[in-house]
Structures are given as structure tokens and as C-alpha cells.
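Across the two complexes that follow, chain A remains constant while its partner is chain B and subsequently chain C.
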Partner chain A sequence: MLKSPKFIATMVILVVMALLPLGVGGYILGLLTLAYYYGVIAMAWDLLFGFAGEVNFGPTFLVGTGAYTAAMLNHYAGWPIPVCLFVGAVAAVVGGAILAVPALRLSGPYFGLVTLVAVLLLQNFIVLFAGTTGGEIGLDIPDVLAIDAAPNYWYAFGFMVVSGGLLYGLANSPVGLILQASGQDAIEASALGFNVTKHKLAAFCVSALFSGLAGGMLIFYLGTVSVGTVVDLTIGVQVIIAAVLGGRRTILGAAIGSIFLIVAGEILRPLGQLSTFVVSAIALVVILFFPGGFLGILQRGEGRS
Partner chain B sequence: MLGLQILIDGFAISSLYALGAIGFTLMFGVSGVLNLSHGAIMVVAAVVAWLFAGSYGAGPYGGALVGVLAGVVTAFATYLLVVRPIQTSRSIPGEEKEIFVLTGTLLWGIMLQEAVAYLFTNNPKTVRPLLPGVVNLLGVRTPTNEIVTAAISWAAIGLLWLLVNRTRTGKTLLAASINPRGLTLLGFELSRIYILVWAIYGVLAGLAGVLLGAFLGVSSDNAGTLTASAFSIVVLGGLGSVSGSLVAAYVVGYLETLTAYLISPSIRTVPVLLLLVVVVYLRPQGLLGRR
Partner chain C sequence: MSAMLEVSGLIKRFGGLVAVKDIGFSIKGGEILGLIGPNGSGKSTVMKCIMGIEKPNAGSVKLDGVDVAGWPAHRIARAGIGLVFQHARPLHRQTVLEHIILALLPDNLLMLVADLHVRRRAEEIAARVGLAGVMHRLPRTLPFADLRRLELAKAVARNPKVVLVDEPFAGLTAAEVADFSSLIASFRSEGHAVLLVDHNVKGVAALVDRVLAMYLGEYVAEGSAEEVMRNETVRRVYLGGKIETASRPAREGKGRTPLLDVRGLSVLYGKAQALEDVSIHVGEGEFVSVVGLNGAGKTTLFNAISGLVPSTGTVSWRGESLGGRTPAQIARGGIVQCPESRELFGDMTVRENLDLGGQHNPPAEATRLIAWLFELFPILQERQGQAARTLSGGEQQMLAIGRALMMQPKLLILDEPTLGLAPVILELLSKTLERLRQTTDITVLLGEQNVTFALPHADRVYVLEHARVVWEGDPARFAEEAGSGYL
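Up next, the complex of A and B:
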């Protein structure tokens, strides 16, 4: 495996990405920093959808729970960043478990709807308790990860590489195979003696852990937490589009997809309002003609040669 | 007095919700498609009606007619450009078609929404009401348009009921929702039934969009919320159950109106969401759904 061309190519790309701050301006680094955090969220979503076969319409419920917990602890109690991140991630896992235990009894559209409603409820409660949460304007956070663009970039990059490695490893482990089996044919998987619900619940908790952590890191990068950046449905939609665009059931594709979405949005910025239209159109064309996503296109090219 | 007002306002908004959701549930019941561009199609219809009634001088009736037509055209575009290619694609595995249809219609909805925002800005637009003025209904001053909205909604729902239950074409629709394979064995062409469903769906969504535009005003930013509310109503009533959707629309409409009048307009949607969670947990098939 260490000598396979795919592995070497990945390593080269990672090294180039790690050295990017040496040659690129702060603005582009800032964009990529955001893309990396959303990339982790998209990878966590792909573990749930691509492997466990559950469509989670509300990835931002997990992200938002983690982000707001971390933000409020820092804002009101003044706890240091690592503690806030840890508690935020735990809160996301607990929130995810509360959501998932009953929701996993449901299937297909019903599971999707419950996760969708969870986001809407969270959003409503944040706005309702605006006195504590900052409401629609948001809550400022005293501490930030770093001031300069380069360290911030490295935090995000390191976080994405480690999370991506762990999620990829998990997805390709025996547990990942059981998950995949449960997602594709739950009855058969349980007939083989695997506890489908337990595995799906575990996948949900892992997904929640990484989503919550990414949400926490994201707000300590931005220095503020608001509904528009970590909870809003449109963010969740972007995450789903990124994961499907990059190639579902690949984990790594989700990160590629979210980097593509943010970079493409930036390149098309001169189009003004039309940029979202064009990005959506590109994503639609990819989904219609190359359902395997970007990584699917790559793998097909490999199969031919 | 307040009670009566809640009763009247709730009835009007509920009938509009029912009309909006019924096309969505019909589509799912017959062809198994959850169309997440639903809200965007409604917005397109409303904005076209606003454009023709106002800027092009077609008058309120002409505008409404063109608006409904725009709903039908957009619905067909959704089917031909997005849904059909996914359904007939050989490279998408069968069990994943559902998620592809969801993602595809979601993207298509965003495209429609952005196109409307680009061409006509995202300012809220109010379609000229079919009948202006105010009438005194048992002591409550009610806009005539509110009554027109409820009446047209129910007329459309009634016509749909007649079509499905009393005509031969309608019965094939019903059959397609129960057992599509059985229907093809009887020699019916499924693709023609799907085209018919999309046409009916387009009329319903277009009409709902135009009425909503005249009742509350519509902005391109509403597309997502409109889809979410139709989705909630349909799941609350039971996916694919038309009568369930009607009941659910009234539950949602009245619950929202009660909350807005008696507690606070700012938490208008919260009780509905909580109810939805409870119903989905306790009775996943919805109020009147079949398993």
C-alpha cells in the first residue's frame, strides 16, 4: 500500500497543501481554512450516509450543538479553548444520541424529516433565547485559535488530515464493512448476527463527535458564533452537496467536494448573485452524468488505463 | 371575537397549506418522488403571476392564469431535466435513486430560487388579489381575498377528488400508487401516467404559489421554508395519503394561527415542529398513513 501510486499522489498533494502558507496570500488561506472545517463536517456526514445508509438532513444540528456549547462556555465561563472544544464535542455526541436512539427506529424519509426538524427546532430555540445565545446577530467569542492566517490554516489543515485519516480508517475497517452491510441490506446484516442498530448508533455518535468538534474549531477561528454560519439549513445543504459531489461512500471525496464548492464560489464571485446558480448547476450536472462524483470519475479513468 | 378571527384566519391559511401539500403528497404517492424543488416551483408561479399582473398589464386574472401555467412548465422542466434522467440512469444503483432524486431536486430548487432572485431580486412580491376589498364576516373584518383563497383551494381539491375517484384516468393514478407493476401488466404505460401526475402536480403547485403570493406575498428566500412546510404536513398526515395531508394541513394551520395570536408570532412554528417530532416517534406512518 505504501508504494501504490494512489498513496504517493495523496502524500504529494498533502505536502503541497501543508506548504501552501509559504507562497499564498492570507485571503486564499482564509478561504481554504473554512473549506477544511466544512470538509470535516462533510466527511462525518458521508460516514453516516455512505456507509450506514442513513440520510441525515440535519448535519448542522450536530455542528450547531457543538459550536454553541463551546461558544457559550467560552463567552460566559471563560473556560480555555481545548476544554470548550472537548465539552462541545461531548454535547454534540449526547445531542446526537438523544436524536438518534428514537430516530433510528424510523427509516428513509422519516429519519430524514426528524433530523431536518431537529435543525429547525435548534434554530428556533437559539432565536427564542436571544438574550443568552445572541439570537440572529450571534455571540462574540473572547478567545481565538490564532490571529495570523497561516497558523489558523495549519490548525484547520491538521484537523482535517487527522479527522479524515480516522474516518477513512474507520470506514475501511471491519466495523465500516458491517456498517456498509447494514446500510445496504439491514435485514440480511442482522441475519448474519450483526447488531444493526448498535452499529448505526455508533456511526451517528462518531459523526456527531467530528461534526461538533469541527463546529467548535470553526467558531474559534471566526471569533463569533451565529445561526448563519453553523446552524442554518443552507449550510447543511452545502454539506450534503459537497459529500455527494465529491463521491459518496469515499469519505475523502467529501473533503474534496467542499473545497471545490468554496473555491468555485470564490472564482465565480464576479458573476455576483449568479455564482450560486452556476455552482448548483455544475453540481447537478455532475450528479446526473457522473453519479460517482469526482472520485468516481478518477477511479473510472484508472480502471480504463 | 378573537376566537372567530382565529377560526377564519386559520381556515384560510390551512386551506392554502392543504393545496400546497396535496400536490407534493400526490407526487410521492403515485411516482415515489419527494420533490424538494416544490417551494421553488411555487415561488416561480407567484413571481410570474406578479410580473404579468403588474408590469405587463394582464390584470389579476390574466396574471394568475399565466402564473399557474408557469407552475406547469416548471414542473415539467423538473421532471424532464432532473427526475427522469435520474430514474432512467443506468449508472445509479436502484436503491440509491431516492437520495439522488432528493439531491437533484434540491439543487434544481436552489437554481430556480437563485434565478428568480437574480432576475427580480429577493424582495417580497405581493400578487394583485383577484378580488380586492374587505367584507364583514360575522363582525370580523376579513379581506375578500382571504375568502377567495379558501374557496379556490377547496374547489381545486374537490376537482382533484372527482378526477381521482370518478374518472377512468384518475383510477389509473390510484392504481399506480398501489401497485405500479400490476398496472403495467394490465397494459398501461407508466411513463404516460407519470407525465399526467406531473401535469396535475404543476397545476396544484402553481395555483398554490399564485394564491400564496396574493395572500401573504412571496420572496425567493421562501422557497426552502415552503418545501419544508409541505414536507412536514405530508409526513404528519402520512406519506402518500391525500386525506391525511388535508387533516394535517388544518392541524398545522390552526396550531400556527393559535400560537401566533395567543402566545407570540415569533414562535409560530415551534409547536408544529414539536408535534411533528412526537407524531413521527409514536406513529411513524403519520395520522392517516398506511404502512
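Up next, the complex of A and C:
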């Protein structure tokens, strides 16, 4: 495996990405930093959609719970960043579990609807208690990860590589295999002796952990937390598009999709309002004609040779 | 020696329908029991209740003396019951070997690395079921029989005390059947208790030690395969007691003008041959029955005629080929199918369902048709305002036929109208069909596994077996020439 061309190619790409701050300006580094955080969220989402077979329409419920918990602990209690991140991630897992335990008992589209409603609830909650949460305007955060673009970039890059490695390893482990079987045919998986609900719930908690952590890291990069960056439904939709665009059931494709969405949006910026339209149109075409996403296209080429 | 699996007093209700009524049996280690019954008899429900996929309403399922009834499926599986599924839905990106490894894994969230011996064990199992040559291939590249082998391999891997096998031989060729029989027999010689679920005794007679026959959720007979085949009730269930035929009043040109002409029709479902070179014809005003066991290809034939599944061969309707037409165009052309699953709009009322069927009729015509239908099915008039979902099975079937008739079909295709219906309802339905046949010119193509129901009305009968037409002729000659295949 260590000598496979795919592995070598991945390593080369990662080294180039790690060295980017040496030759690239701060503005682009800033964009990539954002893309990497959203990439982790998309990868965590793919663990649920691609492997557990559950469509979570509310990835930002998990992200937002983690982000706001971390932000408020830092803002009001002044706790150090690592502690805030840890508690935020725990909060996302607890919130996710509270949501998933009843939701996983529902079948079909109802699970997705529950997750969708959860986002709206969180958003409402934040706006209602604007005095504490900062509401629509947001809450500023005293501490930041780093001031300069390069260290911020490396934080995000390291976080994405480690998270991606862990999620990829998990998805391709025996537990990932069981999870995939549970997602595809729950009856058969349980007849093989697997507690489907347990495995899906565990996947949801892992997804929540990485989403919550990514949310926390993101706000300590931005220095502010607001509904528009970590909770809003459109953010969730972007995450979903990124994951599907990159390639379902690949984990790594989700990160590629996120980077593509943000970079493409930037390249097309001269088009003004039209840029969002063009990026969405590209995403639509890929999803319609290449449902396997970017990595699916690559893998298909491989199968032919 | 006490029984390894002991089922007693098993009852399962779905809403108002009692699918399983007080079923009990026991299987010792090293014994194969065949659970037999026609479609809708409840045999699959019994199997699901044992596995825990359905929770029984009452009764016990004892595995080595421990009552596991009502446990979740994964606990029952861990306790030692395994199920070989009929329809495999393998994972797309995993190889055959990885599928077998999956079945060998414990139910543990911390299982991040599989032991080396798991892989070796999986390879042994692949070799045992005859998958050694293809174990590194992806399921979608495998032929149908190998996919079934994979299901068996998973059961072998789980090494359950009790093995449940759902329709072991469906869709397999004779050579493959022999292969699978010896694999299933090897379960017995290793001391497992085996339950085979199938439609008829004949298919499993060579393999089973005992047979239990079910009909409409109830116990009918138990004994050796020969005893069960000789049993009077079983014969009546499958063949009908006395087959009565009534001829239809002669009409001008009846059966002369060919209406539907099907030639060399073949259908493939993935790798399974669902229909092979089937040719049938139906003349104007004829009542033709297609008889065959579940899985023989009846529904596939009808769906191919209606354009619902892709097929090769030709289907001509009044001399014109139907190739390239959409299902909607075919239905407008006069071929109306009343599907096995009825496909009623459950939340709409009876009247709304009927009105939907009569959408294309001018209002006066629709009123006349409704009045005529209510005369044919008086019960539907009483139930007009009720949601279709709340009707009994028999009423739903009448509504489905009524809705089809509202479309004023030239050819009415009825697919297994008797599915899951009680004998009294069958009789009522049978009388209605007879009235339809005696008082109108309608042309009917009926698909049935219930021979008793299919024969009396028919002008002509086709027998479909393993995707092919094996017999064609007059209903009066059916019992002596083709009846033996139905036990």
C-alpha cells in the first residue's frame, strides 16, 4: 500500500499543500483555511451519508453547537482555547446524540427532516437569546488561534489532514464495513448479528465530534461567531453539495469538494453575483451526470484500464 | 434429544389481517424441515418472526430452550439463528471476500483492525461454497448463482445453530440446484437445524426430512414429503378439489380476431432470467389464464406487456407492435393491468380511486360506468366515502379491479387477484368474474398460482414454469396433464 501510485500521489499533493504558505499570498491562504475547515465538516457528513446511509440535512446543527459552546466559554468565562474546543466538541456530540437517539428510530426521509428542524431550532434559539449569544450580529471572541495567515493555514491544514486520516481509516476499518452494511440493508445487517442502531448512533457521534471541533476551530480562526458562518441552512447545503460533488462514500472526496467550491467561487469572482450561479450549475451538472462525484470519475477511469 | 428450535403458538397480525395463526413446530439438530405454502400463506412471516425481523404478537420461539421471541434481530442472530436471504443486496465496492469477512466480524464498535485469521477463515468459506475463483471480484461482476452462493457463505460464516433458508432454489438452473442442495445438506450433516421455506413440496422433497404445509396463516399438514403431497387438504389448496368449468355463451367471432400476440418474449433482471422465450396469444373476447407458482414469471410477463420492464421479443396489439411505446400509451390503447400489489391510492376514498380510473371518460359515460360497477361490486357503493387503506383485503382487490374497469379496458390483465384472500372472499370474487365473463365481451388475461380460482373461468390456460411456458391447453385437461407440478 505504501508504494501504490495513489498513495504516493496523495503524499506529493499533501507536501505541496503544506508548503503553500512559502509561495502564496495571505488572501489565498485565508480562503484555503476556510475551505479546510468546511472540508472536515463535509468529511464528517460523508461518514453519515456515504456509510451509515443517513442523510443529515443539518450538519450545521452539530457545527453550530460546537462553535457557539466554544465561543461563549471563551467570551464569558475566558477559558483557554483548547479547553473551549474540547467542551465544544463534547457539546456537539451530546447534542447530536440527543437528536439522533429518537431520530434513528424513524425511517426514510424522517431522519433527514428531524435534522433539518434541529438547525432551525438552534438558529431560533440563538436569535431569541440574542443578549447572551449575540444574535444575528454575532459574538466577538477574545482569543484567536493565530494572527498571521501562515500559522492559521497550518492549523487548518493539520486539522484537516489528521481528521481526514482518522475518518478515512475508520470508514475503511471493519467497523466501517459494518456501518456500510447497516446503511445499505439494515435488515440483513441485523440478521448477521449487528446492532444497526448502535453502529449508526456511533457514526453520528463521530460525525458530531469532528463537526463540533471544526466549528470551534473555525470561529477561533475568524475571531467571531455568527449564525451566518456556522449555523445557517445555506452553509449546511454547501457542505452537502461539497461532499456529494467530491464523491459519496469516499470521505476524502468531501474535502476535495469543499476546496473546489471555495476556490471556484473565488476564481469566478469577477462575474459578480453570477459566480455563485455558475458554481451551483457546475455542481448540478456533476451530480446529475457523474453521481459518483470527482473521485467517482477518477475511480471509473481506473476500472477501465 | 430435545429440539434445537421449538416454535409454538406463533401468532402475527398486521392490522386486521392475521398472517400467522397458531403455528408450531420443532426442528432437531441435523434435521431439515420444509415450510411450504402458496404465496400469501404466511410462511415468510413465520421465518421473519423466528429471525426477529418481525415481532410475533404471541407464541414462543425457543432456541436450545431459551425463548427468543420478540428479541431484536441482531440478538437473535448472536444467539445462533441465521437467515439466508433470497434477494442479495451486496455492497458495491467490497469484494466477495470482504463480504464474507463482514459476516465473521463481532458486533463491536472498537473493531478497527480485523485479525489475520479472519481473512484465512473467510478464504476457507469461499472455497467451501465454490467462490474461491471469484473471491477478489466485485459482486456486480458475478453471475446470479454466485450471488446466491455469497448469501450462503455469509450464513456459513456466522455458523448459526439454526439456519433459515428463504426459497433456496429460486432462479437457479438444474445443475445449480444440485450444487445448492448438497451445500444445504452439509448444514444437516454438521448438526445444524435447517428450515427451508418454499412454495411447493416438489422443489424441496429430495432434501427435507419433514414438511409442514401452511395456507392462509394456518397449519394444514405435517409429515414426510410424500405424506404431505398425498394429504387431501394440501391437494385442495394447490389443485382445488373438483375443477368446474363453465363455458361462456358463444359470441360472434369470439377468439378469432387476435387481440394480443406475444412472441419470443424474454426478460432479464440483472443476471436472473425472469422470462425466457415466452409466446402467448389472446383473442378478442377470450378469457385466458396464465398459471404458475410464485417466481415463475407471471408478473414479469404482464409487466413486459404493459411496457413496465424492458424486454426482447415482440408484443403486438391488434396487429401493431407495442415496441417503443410508454406504459401510459399502452394503457390508453386499451391494455389495463390490475397489478398484484393492487397499487390503490390508500389515503383517497373508494370513490376517488374509481373516479381517477375514469378520468378519461366523458361525464355521462363515467356516471353510467360507476352505476354499472356498483351493481357488480355492491360493497364498493357502501364504502364509497371510506379511505381505500381502511378496506379489507378482498374489498381492496374489488376496488382495484373496479378502478381498472373504469378505464374501459379492451384487455384486462389481472395479476394474482387472490393473493392473501380468505376462501369466502375468493368465492365472491370468482362469482363476480363469472358475471363479468357472462354479461360482457371483456377480454381477460388472468395470472394465478391458485389453480382452483384460475381454471373455472378460463377458455384457455398457459402454464408458466421457471420463466418458460411449459403447457398450453384446455382447462379440462389441466389436472391430468399439468396438475402434478402444483404440489
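FYI, the second predicted complex is superposed on the first by the 305 of 305 C-alpha atoms of A that agree within 3 Å, B and C clash if a C-alpha of one lies under 4 Å from a C-alpha of the other, contacts with A are read in each partner's own complex, and residues count from 1 in each chain.
To be clear about the criterion, a contact is a pair of C-beta atoms (placed from the backbone, for glycine too) under 8 Å apart; a residue touches a chain by one contact, two chains touch by 3 or more.
Please read all numbers here as calculations on a predicted model, not as lab measurements.
Overlap between chain B and chain C is detected when the two structures are superposed via chain A.
Looking at the shared chain after the overlay, A:L128 reaches chain B, while chain C stays out of its contact range.
Legend: residue contacts after superposition of the two complexes on their common chain; A:I259 is shown touching neither chain B nor chain C.
Once the two complexes are laid over each other on the shared chain, residue contacts for A:A242 go to neither chain B nor chain C. By the touch criterion stated above, A:V117 is placed in contact with chain B alone, chain C being left untouched.
Number of chain A residues touched is higher for B, counting chain B against chain C.
Contacts of A:Q184 after superposition: both chain B and chain C are touched. Look at A:L106: by the touch rule set out above, it reaches chain B but stays clear of chain C. Within the three-chain superposition, the chain B stretch that clashes with chain C turns out to be 168-176, the only such case among 78-86, 114-122, 150-158 or 168-176. The interface of chain A with chain B overlaps its interface with chain C at residues 184.
Considering their complex, residues 51-53, 72-74, 77-78, 82-83, 85, 89, 91, 93-94, 98, 101-103, 105, 107-114, 154, 158 of chain C touch chain A.
Taken together, the chain A residues at the contact with chain C in this complex read 169-170, 173-175, 177-178, 180-181, 184-185, 187-196, 198-199, 202, 249. The touching residues of chain B, counted against chain A in their complex, run 34, 82, 85-86, 89, 91-92, 95-96, 98-100, 102-104, 106-108, 110-111, 114-115, 117-118, 224, 228, 231-232, 235, 239, 266-267, 269-270, 273-274, 276-277, 280-281, 284. Considering their complex, residues 49, 55, 102, 105-106, 108-110, 112-114, 116-118, 120-121, 124, 127-128, 184, 233-234, 237, 240-241, 244, 272-274, 276-277, 280-281, 283-284, 287-288, 291-292 of chain A touch chain B.
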